[in-house]
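Have a look at the structure below, then the notes.
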Amino acid sequence: MNVVYRNIRRAERSVVDGFGPLGVATVHEAQGRTGLMAPTIRPIYPGARIVGTAVTASVAPCDNWMIHVAVEQCQAGDVLVVAPTSYSDAGYFGELLACSLQSRGVRGLVIDAGARDIRDLKEIGFPVWSKAVFAQGTVKETVGSVNVPVVCAGALVRPGDVIVADDDGVCVVPRRDAASVLAASQAREAKEAKVRERLKAGELGLDIYDMREKLASRGLVYRDQPPED
Amino acid sequence: MNVVYRNIRRAERSVVDGFGPLGVATVHEAQGRTGLMAPTIRPIYPGARIVGTAVTASVAPCDNWMIHVAVEQCQAGDVLVVAPTSYSDAGYFGELLACSLQSRGVRGLVIDAGARDIRDLKEIGFPVWSKAVFAQGTVKETVGSVNVPVVCAGALVRPGDVIVADDDGVCVVPRRDAASVLAASQAREAKEAKVRERLKAGELGLDIYDMREKLASRGLVYRDQPPED
Amino acid sequence: MNVVYRNIRRAERSVVDGFGPLGVATVHEAQGRTGLMAPTIRPIYPGARIVGTAVTASVAPCDNWMIHVAVEQCQAGDVLVVAPTSYSDAGYFGELLACSLQSRGVRGLVIDAGARDIRDLKEIGFPVWSKAVFAQGTVKETVGSVNVPVVCAGALVRPGDVIVADDDGVCVVPRRDAASVLAASQAREAKEAKVRERLKAGELGLDIYDMREKLASRGLVYRDQPPED
Amino acid sequence: MNVVYRNIRRAERSVVDGFGPLGVATVHEAQGRTGLMAPTIRPIYPGARIVGTAVTASVAPCDNWMIHVAVEQCQAGDVLVVAPTSYSDAGYFGELLACSLQSRGVRGLVIDAGARDIRDLKEIGFPVWSKAVFAQGTVKETVGSVNVPVVCAGALVRPGDVIVADDDGVCVVPRRDAASVLAASQAREAKEAKVRERLKAGELGLDIYDMREKLASRGLVYRDQPPED
Amino acid sequence: MNVVYRNIRRAERSVVDGFGPLGVATVHEAQGRTGLMAPTIRPIYPGARIVGTAVTASVAPCDNWMIHVAVEQCQAGDVLVVAPTSYSDAGYFGELLACSLQSRGVRGLVIDAGARDIRDLKEIGFPVWSKAVFAQGTVKETVGSVNVPVVCAGALVRPGDVIVADDDGVCVVPRRDAASVLAASQAREAKEAKVRERLKAGELGLDIYDMREKLASRGLVYRDQPPED
Amino acid sequence: MNVVYRNIRRAERSVVDGFGPLGVATVHEAQGRTGLMAPTIRPIYPGARIVGTAVTASVAPCDNWMIHVAVEQCQAGDVLVVAPTSYSDAGYFGELLACSLQSRGVRGLVIDAGARDIRDLKEIGFPVWSKAVFAQGTVKETVGSVNVPVVCAGALVRPGDVIVADDDGVCVVPRRDAASVLAASQAREAKEAKVRERLKAGELGLDIYDMREKLASRGLVYRDQPPED
């Protein structure tokens, strides 16, 4: 029942890296507002942004044994995604494990639990998105699984899926949809660039998106503020 | 029932800008410890501080349509205050809307919900105080109201009120009380400057505020620590 | 019943300062994963790290009177630890009190409640670990105690204990155990330095810690990912 | 600044009591989905339902002095509404105060804080809606105000407003709107009675509310489940 | 993109009903501690327990339109499982919808959001497991999907899966595993019956489960309490 | 480091049982508002009330092994108090362990984590105060300690202390103070009985407690409500 899957299929590298300049909000919108992790998952320091392919670990609460197992399954360009089977804010992950992942070219960690050694992680530039910062240690007693589908902060993640993470949070793009979501994201970005120029020039969204009639038809009325009450 | 009020009365500009150098804590104290939003409202990046006049929007949960409507009612020196009618941490607001508000001279946003495009907002220097950072998108289906009184994070905000926001949070000063609260805030600031010098010089608050007798009368006693237990 | 204990026994200065280069996670591990405050306690700005001896204050909810009393009991090298007797996120502590503590050589504050004047505290370099940032003021009506044992964010703190605080949170080392915990922490640090080099060189934790056999005995199996589903 | 208003105007008794058989959900819908307190406010025991006129108390955190003051302003048919000026889950209210209110004909308490003596309150049949059950005591040190407008669990309550409370929570109806909201609530109730019969008979909401066309126009499609994956 | 799947495959009725006398804790253990929803999901009244086959609805936040659509896909023995695409505690579900589901033989509702009309739902005996009780209404503006896989309170639910719910919470058994999990659950139940008798007779778990040696080998020592400190 | 203390000193039985008719709120007040656990600890079913002597267990997160160890140290009249060393809401405790404790005359359980088999526990009449109801299982991998001092929901509990628990929550009375706190509690109860009669007769707390002058001196003023605004 506790299995480590090796040799997973990963989303194609060129597609994955195409997400590099795109933000989480854009990608999430472009795939129909799906795939977003809950807002409880936050970066441990501001400014980081990564894209990569998911290696997943299903771990016991307050037990980080399987992270050591998962490291071996990671390769350059991956992002490790860790989901406990029960609520935990323990500090599963610190600077030593980060050194290990960094030496393999892993781009970051997403964990629905706690991280620690925050100062060191920032110093060595290994970005982490976590639910908590907590120095509380973990044990190495219970086995779990690697590269099985996991639910992480409310989002379903399968091994090989694309992970996009920045200051807004973390979005998952299913491996098979990666190319089409990339195209949709780029199209959205291009469209927004044009709207941005018009907004900066002082045009109103009400006019750009042609909303006035629809608003009126839904019953919105305009009045001057009543005299001093 | 869904109304946009135009031409609201705003607190006087010179008074509003007088709050510029004052902190949220000072203003909140000076108006009798009222007007403060709940501590769930936090700046999306540190260091920002603004003062301005409130334009209010009452919006449906997970629906940012009325923000587009509210933009048109904003003018230079305003702060947009957005309150959903039911709990929401969705990402109502991102960089495009910020460009639109910035082009009108709006100084910032306060929202009892989520914001997104955090990295971009910081880059263009548009400060936001929000309950969450969340890339989850919103719809444009349900109308609400603009420039009605709203309860935002537990504080009552009326259009035209003064908004003071910094790293400590957000404080609302009623439009009609603005001048008197400004005077009281400045007086408090002046008084604190004197106390600060004495404290830095090593005097104790116990003596400066003459607390020793009152403490004793309330039953406080001093003892040496008992021998090693 | 409300007492201020003077002349408390403090952990020895040379031992306390020995914790300076060590992180909270290391110290917490070295004393058997005990003494850690809950992850609700966070630094008000990133990057600070302090060690010091605890002066404790047990305070009424939303009442900061006893902090003024506690200041007098503080000396250079202390850290003030404040625990309300009931839940409070009020802003007990701001820049004026920080000036007072700083003039006495106090290294920081840990409080299971709120702090305010965040911007100023960062500017003057007085670090605070708190449960909330909140400008809401407090009163001075109810006496409490100073230098009694307190439970702060789930951790028992006695006067004179060692406080270690950094970006990971806050750890308490009992005064009597300080020397032995310091030795254990330094030993752990030395050991980790060696492991770090091996991990950076690409060795796996699985091998360094000799985990493979134990994992297999607990039932972990390896498989190739099944053909495309 | 701290005032007790006597002789408040109350919603008309016959109108208030007309809300008796109506549920919170119905009334909230009938007044345009406004006036509802946050779902953090829950009854301390199931099954109670009351309507009454609000006497309001703005109280200091963890200080129940003003409840004693408010009792005197209560009369038969009132509901006492208590809102602390800062977060508190302390036990402001217990069986003794309930005896006092009951002797005056007060119908219940709504408090955005804690209550205690739950077992006794249930026994004597005095219903309370609160944020917490907590035995933690309060002090009597700081004055507040009675019969001023308060924000309680996110809802604005003015003295004399109608309070409707049941297992679903608490809804506030502004005094001036009471008659029209009562009429709208009764109309809604009558309409729902008819729909209820049709639904019980097996008709679908899809047909009763004529939704199929609108759903299709918004892009909803029907498919048979794909063959076994 | 928004689809309603009809004619889903359901777990076999006789297997489903076999779970009837088993508790959530037993089933969850018997399938390897998987499938449990988060403890935020609670029954709206105590004492209910149901088993059934899942019909799933993915709904917009604060929008219950798709519940009306889902009703039509439900048949006798089903349990409706509703998951918003973003956080919501709005009251999606009340007594009218319950009447509709009850007329079709549906056994209950599981929703990662709010329910209302609690008193009525208890009276008509329609059990609901929800994240909140909240009278706040919803809109009917945005379409979603029915009978797609959903993540509900952290658990993955596919249409046709077995839902077991009681006072402990909600557990999901994948359709294909239903028969084997039932057998494992019944075996566990039988085994526990024997242990229960021994424990009632005063035997210790330490002896029944033969733990003493393993405890000693992990370093547990026994001592008499030290003399009075 | 992991120790089980046998033969602990317990508070005297006659004193412990003297607390039987007293409520948690009364006892907490009588010992100076100390000893109360946080309001996150709630009874799993209403109406239970117990008093007893504490046997304490310090347990690993999501690991209930030490509860089996603790059972052996329990005797008639005890209450088992369980505190995880890190946050956990896992279901450490169910009906089988309750049978074991009940066979030894143990009166109940207090746990700063989750319990399960709620329906069964209610049926056999074994009361539990817990932070969560959650069927999630635990492991038996890590040893802890029995009858060491623990912090449970913010309260310090030493073995042999008196535990008082009812619908209001849980209060701890230190063993050595038990007799004096009992006397103070009974005195308080007697005094309240007299006040209760006067309140029922319609006298006001304002007069019974002689508050009017103090209120006026603190600046409270009375006014009639202003004319219709």
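As written, the chains take the letters A, B, C, D, E and F, and residue 1 is the first residue of each chain.
FYI, a residue touches a chain if its C-beta (ideal position, glycine included) is under 8 Å from a C-beta of that chain, and two chains touch if they have at least 3 such contacts.
A quick note: this is a predicted structure, and the numbers were derived from the prediction, not measured.
Q: What shortest step count links chain A and chain D in the network of chain contacts?
A: Each step joins two touching chains, and the minimum needed here is 2.
Q: Under the document's definition of touching, what chains do chain B and chain F have as common neighbours?
A: A, C, D, E
Q: C-D or D-E: which has the larger count of contacting C-beta pairs?
A: More C-beta contacts join the chains of D-E.
Q: Distance from the CA centroid of chain A to that of chain E, rounded to the nearest Å?
A: Measuring from centre to centre gives 28 Å for this pair.
Q: Using mean C-alpha positions as chain centres, tell me how far chain B is from chain E in Å, no decimals.
A: A distance of 42 Å separates the two centres.
Q: Quick one: which residues in chain D touch 2 or more of the other chains?
A: Those would be 1, 33, 39, 85, 87, 89, 136, 142.
Q: Quick one: which chain pairs are touching?
A: A-B, A-C, A-E, A-F, B-C, B-D, B-E, C-D, C-F, D-E, D-F, E-F
Q: What residues of chain C sit close enough to touch chain F in their complex?
A: 1, 32-34, 38-39, 85, 87, 149, 151, 154-156
Q: Which chain C residues qualify as touching chain D in the complex?
A: Those residues of chain C that touch chain D are 60-62, 85-90, 136, 139, 141-142, 229.
Q: Any idea which chain C residues touch chain A in the complex?
A: By the definition above, chain C touches chain A via 23-25, 28-29, 33, 36, 39, 42, 46-47, 49, 166-169, 171, 192, 195-196, 199-202, 204-206, 209, 211, 215, 218-225, 228.
Q: In the complex formed with chain C, which residues of chain A make contact?
A: 1-9, 45, 65, 68-69, 71-72, 89, 91, 94-97, 99-100, 102-104, 114, 116-120, 122, 132-137, 140, 142-143, 147, 159
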